[in-house]
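Heads up, the next two complexes both have chain A, just with different partners, chain B and then chain C.
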Partner chain A sequence: MKNFLKIKHSTLIAITISIVFCLSCKGENETDILKIGLAEEPRTLNVWLASDANSKKILSQIYQPLYMSEPATQKLIPWLAKEHPVYNPETISYTVTLRKAKWSDGTDLTSKDVVFTANIIKDFRVPLFASKWDFVKKVEIIDKQTVRFYLTKPMAIFLTRTLTGPVVQKKEWEKIVQIAKKKEKPLKTLLNHKIEKPVGSGPFVLKEWRKGSYLYLKKNTYFFGEGIIISGFKLGPFLDAIIFKIFGTSDVAILALKKGTIDMFWKGIQPGYLADLQQNSDIRIFFSEKSALYFMGFNLRKPPFNDINLRRAAAAVIDRNFIVSRILQNYGTKLFSIVPLENKFWCCQDVDHYCESHPRDKRILLAYKTLRNAGYTWKISPVDLDGNIVEGKGIRTPNGKPMERFTILTPPADYDPHRAMSGMIIQEWFRDLGIPAYSRPMSFGSLLQTVKTKHNFEAFILGYGKLSLDPDYVRIFFHSKNDKPRGWNMSGYRNPCFDRLADQSKTTIDPNQRKKLLFKMQKMISRDLPYIPLYTPKLIEAVRKGKFTGWVEMQNGIGNIWSFCMLKPDHHTKKSF
Partner chain B sequence: MVTNTSDSMAGALDMLPKKRQKISAFNEKWLIFKENFIGRAGLILLSLFALMALLSFIPPLIDPMYHPMTGVDPKISCSVGPSIHHWLGTDFIGRDILSQLLAGAKIAFMVGISSAFISIVLGTSIGMIAGYFGRYIDAILMRLADIIMVMPTLLVVLIFSSLFGQLNIWTIVLVIALFRWPGVSRVIRAQTLTLKQRPFIEAAKLAGASPIRIILRHIMPNVLPLSLLYMTFRVSSAIIIEAALAFLGFGDPSSVSWGMMLQWVWKTGHMFQAPYWLLPPGICISLITLSFYMVGRAMDEVLDPRLRKEDD
Partner chain C sequence: MELRKYLFRRLIEITIIFFVIMTILFLLFRLAPGDPVSRMVDPSMTPEDARHLISQLGLDQPLYQQYIIYLRNFFSGDFGVSFHYGTSVMGIIWDRLPNTAILFTTSIILSAFVGIFLGKIASWHKDKKIDTWLTLGALICHTLFLPWLALIMIWFFAYKIGWFPLNGILSPEIWIQTDACFFSKLIDVLHHLILPLATLFLIHFGSYLLIMRSSMLDTLKEDYITTARAKGLKEKIIRNHHAAPNAALPVVTSIALSLAFSINGGALTETVFSWPGIGRELVFAVSNNDYPLAQASFLLIAAVVLLSNFLVDILYAYLDPRIRY
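So, the complex of A and B:
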């Protein structure tokens, strides 16, 4: 009986210990899981189709590029590549050596995968990447770890745009590509292919995606970077997993952040939330520069904005001080050139500032003079005989016809309140001049289709939230060859001089030479005004304190691969000290 | 013993000339309305909102900074609470909330009354035509009414908005009106069906009156009070639909409505930070719809003696 009791006792103790152990293990695991709030569900995990921000956020943890920007200087540094590419001017080729890396299924990442990726983009002309690979003649395997890219001509954007794209696994995509090639519409088949468990080389790998609820990414035990030092960072990941929770609105996500349900909300926060969040001692706020361009664009293909005088008058009445100080609540900077001010090397500051420091009356007066000199007339002039500003009415174009009402298309307030509000205020500034402008927020998809595909618009307000450091977009946005349905030249700007400079800038490798060309291009745009640059907003992000440390701040925010490779649970940090 | 006031007075009224009869009938109904507490309260509330709508023209005359859309206080560039210059505070760019609230009352009346009026005109006309002519005309019109009635108005307007971009305030008014007439038409049809059997209609037919004349001269005057009653309820629903549309970001961006105010307080992240901005438009939407409902209930009692309280 005694023995039986002893056994019973020891069993009970063993069970208790194992329960306590299990519970403690569970607790430790839970603290090593980073919970991130996303504003919307990712649309796809097919890397060739993913163009929305949320899909890119997830895929950036999985697929990796050869080169990447380092946090402090934004300079390009080797990532999957072992070292900087070796250029051979005679053959116009770049040789890239790869690091020893593995895919998340344990197989080796080799030069075959890089060549296969390049061939997919070139063979299918994948829209998201094709323009960055047009000038790549062929890609050759030198050995298992070495690959050589042959270009048709020297290209400035090859390093910054081409080699920063994701590399996919040949084993995963080979069959899909073969099937797609046999179909009537190969590209459509490739893009529509559903990827459920992408095989990547990044720090995390997708474990589960419960639609409408969450995505669960586990640590990739084969991640090439673990334990090695790149750009002064000894990489992890030190997290067991990341859970991305989907929230419909910012309000709910911010409440979850305040409650501690999530550790980070991966979306820019409106300044209105700041006062409340700053009072919360558990929340840490990050303010980051954004490489972004928010602008007003015009349709130069048709009246009324095919007239440069009207565009200049518009530039005169737009008050950037008002937009930045009031609509952005001072969390942003005024923009005068197409290249944001934050991009110090490439931004030309010597462009026209169009009445930057003038008060409202003087702006209206200058705009009025510009229009009057160009032959515009009014029923009631916005400037009376005594020079006072009054409400202008009945504006007529130089051909004597009344100006027809036009719309300023903006995204809706729930997509971006800043742009919607800017549209509304600009509409009122135009009306001060008697110009019949009507702001019209419309869903983002319809807006893009109207502006980019149908070209059936007069003016619009849009933005590029994540411009690359390389300013090649100046060429892309305004080159006349891109004035086509779905082309990037949405304004329909056509200037042979600009095209010539743009073509030169594309092939000029020397940064200083290229800078001169780009400065000329920026001045030309500032003079002709197909776009009026408005502002660059600051990125405000919030995380919870105390659970994780090691956020890496860089341009475009703390939501970057460096952060996810460097974040450590707080107990982990304490232990290591 | 319970006496039916309207019946007993009707006999006395027959003795009076026609014009005086009408005035007396109105006075009698007004007396009944006045005695109704809900009606009185609703009317007072409604008068307050009407006053707000009338006063909305004044602030921009005092100072351009009180213009509800473009006026900003030069000294304030963020949302601040009530002060001497801004009794209800300012929004995130320094616009006066009180001016916006007053302008919102104007929009609420405009949207509510116009769309209710259009839907009542449509509903009454269709109901009378369907009820009077019967047969296949009735069948077609009533099936159409059924189809429209089962469509959720807000959802349909949202789909329209996403298809055609932002709708202006008058398009919103029209769309709401086009989706709110079936309820009225059903009631008016039923009323027309009972009226059609009455001797005075038979007499008019025998006298050679055309159907249009019978509808306009004999049926319409008898169904109009019912239409007006339904109009008060339609006003409430139109105001709520417009506010919901604006709140969801599908309102007219060039007008300052209460729904639009709520949208801005939400989208700019001031929902929990600025109660002085959030509460006034919310309370106004609730109270104005309540006031129309209260007036409607009271009118219902005026028109239907069975609903009145029995006095000893």
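So, the complex of A and C:
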């Protein structure tokens, strides 16, 4: 019995020791591995299919564009390209010279790859890229490092949108393309191709993707940028690897950040977490501007919002100060134009601010006057005979009919609490005027289908969290040719004058001339109010202090390729001093 | 012979029900608002490109044609390709299913064993202190809000005292090592399993305890228990050999159904613990209109639930000699 107990004890001790040993096993150079928390798992690493934010985050470390924005000024600078493109107005062509770069498998990145990428997009009409390449007539190989793009007409977005797309390797995709072309549904075959180990030219390369758990990216030893200076940055990467861990909720990710299980949570943090994080001396918080637009849109195709006076009255009662200070807890900017204020070059600030600094009573008074002058009447007027503000009731439209109740569609609070709350508060402001508004949260998919495809709505609140720096979206959102099912002119705004300016802006290459056109367009939208811009939230991000230094702040946050090329492990920095 | 006939009839019923479920699933997803393309909110994507993608996905065809393709694919064992992952639906399900099965099946079996055992004890000591405490404990655990409990468990055991990992099924730091042995990986997974398992156990064991207790109390009033006592049998034998097997019938139904539903995991548990199971995928598939993935997942659940019911019917006849079909 004694012997048995002895054996039992020694077995137990052995098991405990091995468990402790196993659990304490860590990588040799774990300090040089950056650990990033992702809010959701990337869906795919097929660059032609990836439309979700997390897939794009991973792919941005692997596939690289010819040009990209530099951090300080957001200006376009050559990346895979060696220098700025040379434009020939006679042939409407751009000549691009490539840097000497290699793919992660060690083969050369050449003009053949660029032409091949262009042909895939054009031949298959890859939905996420096709519209940016529609006007590219031909792409020609001049030599191994030079490529020429012929356009059907000059296009403003060619540099900012077309040449900023990813370049893929011909060797990797050639066979897949050949097979896909023979299929009945070539695009489907291309999109459904499973990419296990993408070959890229970026600073990192995928080593392992354990589904549902993590993605392990190793430093790409063939990265063209290593050691060279671009835009004042001597690029690395100085990290050995990046591990992306998947988190189901922000709560747990924040705990992981506080505990040091991750070094960064690559998702905007809700202001509610800030107080806790700011108390933690190991955490550094970054506040960045976002190129984002959150707005209220109206359906101009039918009553009641086909009346501009009602839209103006709505703009008068909406108190952006309240939305930004109370709902966004001051972590946002009031928005008056369709182009976010943070996009300094393209944003027109000389637009109507509709009672921005007025108190509530004055707003209601002004909105009341606008409506009264347009022929609206009330059973109980929101402004009594003594000029006091009272609760308005029984509003009638200029044709004498009672205004029917309508809904303001918003995404649900679990998807975006800010938009859902904004809808509720705007509903109350409308009711102050006697306007029978009802805020209704709706699942995001249904909301998009209702406003984009069915056009069966009165008003909605939506937003774009990451607009491109190029303001071509102003044209896309309001051009009358986009007023169709699945078109981006969700409001049904039709203005021939705007269309003319929009068409002109599309083909104007000179930025200053284009800016003038864009300013006119923004003023028109501010006057006609198919959308009422509401706010741009600030991007709040948090990282661990003391392990890595060199985060590069730019618009849309510190999670950018510059950061990942510049981050250095702390011991690395200390050694070099 | 009667049992055979009954089972044959039940199999036919199950097949019919399965096809009804298949059809309802097909229609539900097609008639639900939204489509897989509508969530691609890139302003540069034109309506023409969106329509092109829809046609490539085969969603522009009339509903009856899509249904025929759906049935044809089903019979050839092809559940299609996920719209968002771009990979085979069955591949995604087989990737996630083992994770869900490990966590949920283990938790159900464990909580059932403990629940049955404590239920027996509680009923045997009816109206005594031990019964009161066990019943109260079971009621409290059973009514706890799962995401809250999960977060509290993570906060205390993983964050505050650091006994367990915060989330996930494994530690990348161990798994990326080329020299990591199988044993250390196994230990790592088990280490990750403890916290979610404990949470699910706390939530589930109470219901088994309460069912077992109430069923035992009914059984203990039966004549054969009095007879056993009159024969002078030991209390332990009466409890474990005479009362418990007869009282276990409702618990068996409950366990079988829980095991069947365990394959759909629990979206909330999997989300809070970042457990890569099928529950999270189901939620994603439904909210993103990923029809092939959602359909295949629900079909799998339907098939397992129907088969479990079938097995429970057989098990009943085995467990209770009074039941004959």
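Side notes on the structure shown:
Going forward, the second predicted complex is superposed on the first by the 549 of 577 C-alpha atoms of A that agree within 3 Å, B and C clash if a C-alpha of one lies under 4 Å from a C-alpha of the other, contacts with A are read in each partner's own complex, and residues count from 1 in each chain.
By our rule, a contact is a pair of C-beta atoms (placed from the backbone, for glycine too) under 8 Å apart; a residue touches a chain by one contact, two chains touch by 3 or more.
On a predicted model such as this, the values are computed, not experimentally measured, just so you know.
When both complexes are overlaid on chain A, chain B and chain C end up sitting side by side without clashing.
By the touch criterion defined above, A:443 reaches both chain B and chain C.
In the superposition on chain A, A:252 makes contact with chain C only, not with chain B.
Judged by the touch definition given at the top, the superposed model places A:193 against chain C, while chain B stays out of reach. With both structures placed on the common chain, the touch criterion links A:325 to chain B but leaves chain C unconnected. Chain A has more of its residues touched by C than by the other of chain B and chain C. Applying the stated contact rule after C-alpha superposition, one finds that A:377 touches neither chain B nor chain C.
With both structures placed on the common chain, the touch criterion links A:424 to chain B but leaves chain C unconnected. Look at A:272: by the touch rule set out above, it reaches chain B but stays clear of chain C. After the two structures are overlaid on chain A, the closest C-alpha atoms of chain B and chain C sit 6 Å apart.
Counting contacts by the rule stated earlier, residues 251, 443, 446 of chain A appear in both its interface with chain B and its interface with chain C.
Of all residues in chain A, those touching chain C in their complex are 18-19, 21-23, 25-27, 30, 35, 41, 43-44, 46, 49, 51-52, 125, 127-128, 130-132, 161, 185, 187-188, 191-194, 207-208, 210-214, 216, 241, 243, 245-249, 251-252, 255-256, 258-259, 261, 443-446, 448-450, 452-453, 464, 467-468, 472-473, 476-477, 482, 484-488.
By the touch rule above, chain B contacts chain A in their complex via residues 69-70, 72, 77-79, 92-94, 162, 165-166, 248-250, 253-254, 263-264, 266-274.
The part of chain A that touches chain B in the complex is made up of residues 250-251, 254, 269-276, 322, 325-327, 329-330, 409, 412-414, 417, 420-421, 423-425, 427-428, 438-443, 446. Of all the residues in chain C, the ones that touch chain A in their complex are 33-35, 37-47, 49-53, 56-58, 81, 84-87, 95-96, 99, 151, 154-155, 158-159, 162, 165-170, 172-177, 180-181, 183-184, 187-188, 191, 270-277, 280, 287-289.
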